[in-house]
Amino acid sequence: MTLLYSGLSLGAVYALVALGYNLVYLSSRAFNFAQAQLVMVAAFVAYTALVVFRLPWVVAALLAMAVLMVVAVIEERIALRLVTDHHTILITTLGFATLLDGAAERIWGSEALDVPFPGPEGAWSLLGGRLHTVDLALVLLAVLLVVGAHWYRRRFLSGIAIIGMSQDREAATLRGIDVRKLALITFAVSGALAGLMGAFVGPKTFALTTLGASMALKGFVALAIGGFGSLYGGLLGGFTVGIVEQVSARYLGAEFSHISVFAVLMLVLLVRPRGVFGRVRERVV
Amino acid sequence: MTVLWRAVRSVPPWVLATITGVLALCLPFLNLDYAVGRQIQLGLILALIVSGIGLSLGYAGQLALGQAAMYAAGAYSAGVLAIRGVTDVLVQLLVSGTAALLIGLLTGVIGLRLGAWSLAMTSFFLVLMIPDVLDVFESTTGGRTGLSGIPPGTVFGSVLTPRDFFLLIVVVSLLWFAVVRNIVTSRHGVAFQVLKESEVLAASTGVSVFRMKLIGYAVGAIPAGLAGTLFANLDLFLAPTSFGLHLATSTLAAAVLGGMVSVYGPLVGALLVQLATWQAADFQEWALVVYGAFLILGGVVFGGGIAGLVRRGIRALDRRFLPEPVTDDTGGSAAGVPPLPGEELVVDGVSKAFGGNQVLTGVTLRAAPGRVTALIGPNGSGKTTLLNLVSGFYTVDDGRLRLGEVELTGLPAHQVARRGVSRTFQTPLVPPVISVRETVAAGRYSADRVSIIGALLRGPRHRAVSRRDREQVRDLLDLVGLARVADAEASSLPLGQRRLLEVARAIASRPKVLLLDEAASGLDEQEVAVLARLLGQVRDAGCAVVLVEHNFGLVLSTADEIHVLARGRLIASGPPAAIEADDRVRNEYLGIADEASVGGVA
Amino acid sequence: MTLLEVTNLATGYGDLRAVWDVSVHAEPGRITALLGRNGAGKTTTLRAIAGLNPVQRGRITFDGDDLAAVPAHRRVARGISYLQEGKRIFGEQTVAENLLLGGYSLGRSRRRLEPELDTMYELFPVLRDKRGAPAASLSGGQQQMVALAQALMARPRLLLLDEPSGGLAPSVVAEVLARVDALRATGLAILLVEQAVDAALAVADHVTVIDVGRVVLDLPAADVEDPELIKNACMGTATVPRT
């Protein structure tokens, strides 16, 4: 059970990265390579706020959200807005990710920094396993945010508008939707989401500059399992990746955790290239 | 100045390449300072990796971050071989190149199934896994502590001195760049660029999109594998830290900096990055920031890199000093269309629905060789859908498609194209960057087939086909009156010329059937007349011409047979005079087929 | 009183100029039919009015204001609703969500838009039963009703209709155009692009025929003595006598 819990909590991290990918994909039809790097920077911001400035946790989380929102808006402006084709966006967002990696290393160094968590330190016994507060919080956060996002897109007009715009930007414009503004706002929200995540993920994984790449890839596997644009798919995909990683590390050895996840990705691409929840659409000339 | 520039421009490009090559071969004998020599060798090794990225990303359009992994695979296979006693570097090169190619093929076949993002991530994942894989095979690879004790390389049994090895690196690099040059200057290079700009167009010229992407990506892995062997023999020690994300991003940045759609751009980019790493002491600390900035800048402002800047500079000097080619607007010339023996296109009971929307229902028609068959009908009647079904972009729900005796039903677009169905597009698909001449040459892809290996070795078949390519392209450009703008960038031509260019490209494939989708739209009367004459010539050459057209005048004046579609069904077929006189066609085309309403409003 | 005034418009896509010189107008409570053969520039004219294509020459004024600097999404809020050809609705979303998106430009919350849906369901009863279904699952005629209801949700003053009868069976065409006819009574200005000339003439107050991007006929519908002349103009075979 302990293994399952730690798998789920790690999976929650990937699910949240996948949620960020999905938000940007739905609103801009683009893939934001730097999503995980935003989370990585957020963990450092949370560290600075909590440890250096000794701010209360809630304030630190809000600060991380605000900072990352600004960073995300900058990214949208320089790496997405000016570029039109999706191939190039892949390169420019990868560039932004590299830039964030480099900048974080310059500012915070390459050592792992321990981000404190406000909840009780200990772990509880639950159904024959040990569950840490951080783990529980992460899983709850992932489930809440994904359910919330799903609810938002069915319930609120702006949510409906984002889904409409993901299908046909021109038709959305003709219904009075400012598609560029809405895409920018959604991008900023994905940044704020990364900021919030940083305050939760930091305590779980430490703040570390090399965190971004691994989170980006596992988040992508979660997305591939779930199918692009599927919010619940990304959540389940994230949990799957987390559990696979933990189980393989436990039974096969630590060096097999990445390899097993990679095998899962290969399997999904081979068997269901559109993801378990994705749909196939005929291409149009 | 003009004379000087003209003299410079008259030097063929291979002369410069040869001079550079000869100079490079002299480098090992110059008794360079040890540090300088080492940096040059490392720079060349980096250049090999970057050149692979150029093939994959610049030409095939696939962002692949796995070059670092192929490099590691090459280095470790060489290192392990050497420790096991196989010290011959040539054998190691063969093994490491093959290993890299296999990894490329395997991850490419799977990664390409979903599209650009999944290939990027799959290959990126390879890099992340390097230390883990090395750990799994720790007894052979030394795991995280590294692989030491690699014996120095030999060639045919004799141990290489540092100078010999330097020479070997130069020779391997030169050979590889020659290979790249031969590939990208052949028709496959043009096919790559067409593919990158428009997969639809690539498929319609007979290029298998999946296969071509896979080739670009997998062949791009080979130089990384070779580079690995060279690196293993240079340092005689390997550690996982040499093959991380830092290398992956630095090589990508070098490719963007040098320019990827270029043979030598990657070389320049790699040498510059190597120089910066060596000379600027602070560079390491800021490297990631700089690489990131390069990638963003490369994507946003200077897409072509240094090679692009040079190319733009040359073009500006050309404009300044060389006489402007006069454009020939009248179009058409005495040159005739070569014989194009056609086949009958048979559409038999074809139906197609998208979701709940029935677009075509039981359409049956024939387009005979040596005749112009027009397909008309109101908007939304299914004309373009039928065209896309014939050319293989959609699959039929029901019914059959045949070309003479050859079954077309169910074939993918590039297979349909290879069997002799050629087409133009509603909005002319003319990719940027490539010239008018190359655009027409792209149409020859499926006419005379040459393998990439053939192109690379410049075999007799390649040379014969290249000569035919040149002749036929010249004749076709004469035919459509674009010979004088043959070297201009195709996408910069005005619309009327782009349409004629598309027709020339379509004819270049020696089609049995030529499909034209709204070829007259946006043309003025004079341009329509040129087009009509051209179509007449193609018909007389024997080809079956199918015209989907809004321009009623063009249809009436050129068609031998007209089919009228309305709401997905064929409502009338016949010669122009009969169709023009058919009241039912008039009413379907212009109004409701309801007797009471005809003429009932005044 | 003229609500929409298009004067000497030239527009197109990049260097593909589809409209060279078109003038057309629309008035409240009146239907202007914009006719012409395929490729004559009708859709491009509508796109320019909606703000999707740039005005290269000429002027478009709405309610006296020049629209040149108004982006497409703001024109909807001003009262221009454009129903594109080919039933371009949001197929993956439900009928109700489509209608809600239609009211997006009103700037209201979803809760305050819901009552508007009932108005539409009364106008198009078939949509009430299908409100929870994905729009793509509806029949062609029903999809056209969704598109029309969606366009009306914005409470437009000017409705641009691009071939509402396109690809529909004759009986459905009659129904759609009967709807359009009824809308006139609400004081809406309608610019109707149609290939079904007879059907369009049956409802139009004014007729403008364009060919190769230029106006070739412009007259009140009452002055149309022989619809065959209009048809000939639309076929681009004006010289061919009626058979």
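All chains are identified by letter, namely A, B and C, in their written order; residue positions are counted from 1 within each chain.
One rule holds in what follows: a contact is a pair of C-beta atoms (placed from the backbone, for glycine too) under 8 Å apart; a residue touches a chain by one contact, two chains touch by 3 or more.
Because the structure is predicted, anything quoted here is derived from the model rather than measured.
S.K.: Quick check on this structure: which chain has its C-alpha centroid closest to the centroid of all protein C-alpha atoms?
M.R.: Centroid comparison flags B as closest.
S.K.: In terms of C-beta pairs in contact, which of A-B and B-C ranks higher?
M.R.: The greater number of contacts lies at A-B.
S.K.: Cα centroid separation between subunit A and subunit C, in whole Å?
M.R.: So the centre of subunit A lies 43 Å away from the centre of subunit C.
S.K.: Can you work out the whole-Å distance between the CA centroids of subunit A and subunit B?
M.R.: Chain centres of subunit A and subunit B, defined by C-alpha means, are spaced 34 Å apart.
S.K.: Nearest whole angstrom, what separates the Cα centre of subunit B from the Cα centre of subunit C?
M.R.: Computed value for the inter-centroid distance: 41 Å.
S.K.: Give the residues of subunit C that touch two or more other chains, as numbers and ranges in rising order.
M.R.: In subunit C, residues 91 touch at least two other chains, as defined above.
S.K.: For the complex, which residues does subunit A have touching subunit B?
M.R.: The contact residues of subunit A facing subunit B are 31, 78-79, 82-83, 86-92, 94-103, 105-106, 210, 213-214, 216-217, 220-221, 224, 255-259, 262, 265-266, 269-270, 273-274, 282-283, 285.
S.K.: List the residues on subunit B that touch subunit A in their complex, please.
M.R.: Going by the criterion above, the answer is residues 61, 63, 65, 110-111, 113-114, 116-118, 120-122, 124-126, 128-129, 131-133, 135-136, 200, 245, 249, 252-253, 256, 285-300, 303, 354, 384, 388, 393-394, 425.
S.K.: Spell out the part of subunit C that touches subunit A in their complex, as residue ranges.
M.R.: Touching subunit A from subunit C are residues 50, 52, 71-74, 76-77, 81-82, 84, 88-93, 97, 100-102, 104-105, 108-110, 113, 150, 154.
S.K.: Which residues of subunit A touch subunit C in the complex?
M.R.: Within the complex, subunit A touches subunit C at residues 155-157, 160-161, 163-164, 167-168, 170-179.
S.K.: Sort out for me which residues of subunit C touch subunit B in the complex.
M.R.: Those residues of subunit C that touch subunit B are 12-13, 15-18, 37-39, 85-86, 91, 136-140, 163, 165-170, 173-174, 195-199, 201-202, 224-228, 231, 234-237, 240, 243.
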